[in-house]
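Labels run A, B and C following the written order; every chain starts at residue 1.
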Amino acid sequence: MMPSKKLLVSAVRKEQILKSLAQGKRVDNRGLLDYRPLSITPNVIEKAEGSAMVKLGDTHVIAGVKIGVGTPFPDTPNEGILIVNAEILPTASEYQEPGPPDEDSIELARVVDRGIRESKMIDFSKLVIEPGKHVYTVYVDISVIGMDGNLFDASSYAAVVALLTTKYYPVVNQNGTLVKGSEKVLLPVQDLGVSTTFAKVDSYIIVDPTWEEESMMEARLTIVYDKSGNICAVQKGGNGALLVDDVLNIIDLAKSKSEEMRKVLEGVISNA
Amino acid sequence: MSKLVVPGEVVAKGNFRSWANVLKKGEEYLSIFVGRAEIGGGRVRVIRLSGPYIPKVGDFVIGVVTDVQPLAATLDINSYVNGYIMANAFFKRRIDPSKFDLSKKVNVGDLVAAKVQRIERGKDVVLQPDQKWKVDGDAIFYISPAKAHYLYTSRSRIPSKIKELTGAELRLGANGIVVVKGDLKKIEMVKRALDVIESKYNLNGLYNEIIKVLNKDGKSADN
Amino acid sequence: MENQLIINGKRTDGRGPTDLRPLKIDVGIIKNAAGSSYIEHGKNKIIVAIYGPKDSHRYGMNIEKATLRCRYHMSPFSTEERKNPQPSRREIEISKVIRDALEPSLILENFPKTMIDIFVEVLQSDGGSRSASITAASVALADAGIPMKDLVEAVAVGKVNGTLVVDLNDIEDKEGESDMPVAFMLNENKITLLQMDGKMTVEEFKAGLTMAMEAAKKIKEIQKEALAKKYSQGENKK
């Protein structure tokens, strides 16, 4: 497959971005370790069991959760199923062609999936209707509507807020037939994985890169921390490399940054 | 004040000598754009407020070099068509491509100032590089091509006023690319002025609005 | 027994036969796009982005005018039961009829050998999603500065419990006797989309068309207001 689409950043613009970084500022006026304005709106799609709209600067993502009933995988008969799917819609940028998910969409889905799965955010052992026969399938579908960099964090925040605000009708087995319950319940949530993404542009480490910054970065690093401060998912992106010291530095920066973002996410969820 | 119109809206009725960006249907003139209607002097026209840069011969534009071949450079001119500059035009004489290397003159990512010389087959925009064709600056901004073209063709006082009030050097392409030279503070002021152009659609009021915003800037900087 | 969908002249959502559902349009919501819009019509929530005109070296480009391309797509979470993200035959047909409904309004001769993309994403679907898509896409095309003769607006009429009603909601669409989406270019008295399923008498068909046209006039006012809201920024309010 072809490598992902990059913007052509003009020489003057590159200089402008680098000069600004040298003075400790981004071209949009934030600091090197500041996120863009973030807005998260849960329950935007009434027909979905859970949903959230995220705007991170001009990056615009919506995630929806649907709960279905399915057959468990043979190797995990006592666990519900998680399916995460993402599509960078052609609405997002002029470089995005309509068609089946490309490698960027698939990488995005898999990284979000890892953050949810490995943080043990949801107790899948509680999503069993009848062991070996019927379990809940949790579909998380992510649509990237508008794109201006850092799709990973925006998509992850949309997905976790959608999951943590999901309400669905439980299903019970009554004499061999599955019957819908009468009262909606929440998913069995036990943790919250928080994603933060850093990029190295020239010699500078920055958080929450824009598309322009991603187009001129060496590489990018996404880290997911769980509630207890364990690292539970990592993804290096971009066709350049990071120094070992950069990685160690980012791991520490990500820890404090993820605590800050955790408060934001928890605030949104408790007000939903 | 000129009136805001939308596509299909009747801009004027009667008989006019000339018209632009409207469809004539009997006595009625209907807008084909979201724009500002201007009626007077036997003339009816709509100044469009959005849409791509539509190249016109004689326009001064700024482009970003996207490809360099032995005989020509291709430029992104912020439009639905590419701009081309022939190698001859850079060297100001006929050249032997086996002996000259255009990539020694321009590189991908460079900004080039040029005039639209001709448009071939309705599509290929051939550019003539400006005397000072190499554009170096400290910042680049994009504004709506429709508004940039309006400022350019109406010989608006806005660009020179921005220069005067910010102290920055400024080159505005009719295609919406603006290149600024100056320190970070000056660039920040220019950005605020351009934000006014981007977010406001009352073309007649832009000039005063910009003066207001920049004077506020000046004062807060003194404090 | 057939479901009672109209009781004492009121429909399931309390409307009379000629009332529209709540309809709201926002213009210019996607930064990267040349033009964009968001429509809420009933429970429909739809985003439209326009890209182009853009240079295209694709085989088959029209040398006389721009080529229009349209994709209508439903997000997997947009329906009661999760929808497979792959485009269905229904979505492919709707993409085509939306394109055919909009093309007559556009002046594409200004942009030969280029392509204009209309991307429609249904975030939540309700009855009449194709009509809402057309209404929103026409506004997005105007926002993109694509020259056009007129805005296009679309709405469905149908027969429910023997009564003609406009702007069918989900249940009326599914359980009613017929459903007929229509798109108009009102200035020229033209129809650019016309589909029907179910049964109607010739008289009902004719009366339905008039009802749809009246409803389209109301929708046109909402389209105009939506564009004016964005493009009047900076005017001195009196």
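Definition applied: a residue touches a chain if its C-beta (ideal position, glycine included) is under 8 Å from a C-beta of that chain, and two chains touch if they have at least 3 such contacts.
Bear in mind that the values here come from a model prediction, so they are computed numbers and not experimental data.
J.: In terms of CA centroid distance, which chain is the most far removed from chain A?
T.: The chain lying farthest from chain A is B.
J.: Quick check: more C-beta contact pairs at A-B or at A-C?
T.: Taking the two pairs in turn, the one with more contacts turns out to be A-C.
J.: I'd like to verify one number: the distance from the centre of chain A to the centre of chain C, where each centre is the average of its C-alpha atoms, in whole angstrom.
T.: 32
J.: Distance-wise, how many Å sit between the C-alpha centres of chain A and chain B, to the nearest whole number?
T.: 39
J.: Which chain C residues sit where two or more other chains touch them?
T.: In chain C, the residues touching two or more other chains are 52, 54.
J.: Applying the document's contact rule, which stretches of chain C touch chain A when the two form their complex?
T.: 29-33, 36, 43, 45, 47-49, 51-52, 54, 71, 73, 75-82, 85-86, 117, 119, 121, 123-125
J.: Please output the residues of chain B touching chain A within their complex, sorted ascending.
T.: Per the stated touch rule, the residues are 64, 66, 76, 107-111, 135-140, 179, 184, 187.
J.: Which positions of chain C touch chain B when the two form their complex?
T.: The contact residues of chain C facing chain B are 34-35, 52-55, 107, 110-114, 142-151, 185-187, 223-224, 227-228, 230-236.
J.: What part of chain A is in contact with chain B in the complex they form?
T.: Those in contact with chain B are residues 8-16, 19-20, 23, 25.
J.: Can you check the complex and tell me which residues of chain A touch chain C?
T.: It comes out as residues 44-48, 51, 58, 60, 62, 64-66, 68, 85, 87, 89-94, 98, 100-101, 139, 141, 143, 145-148.
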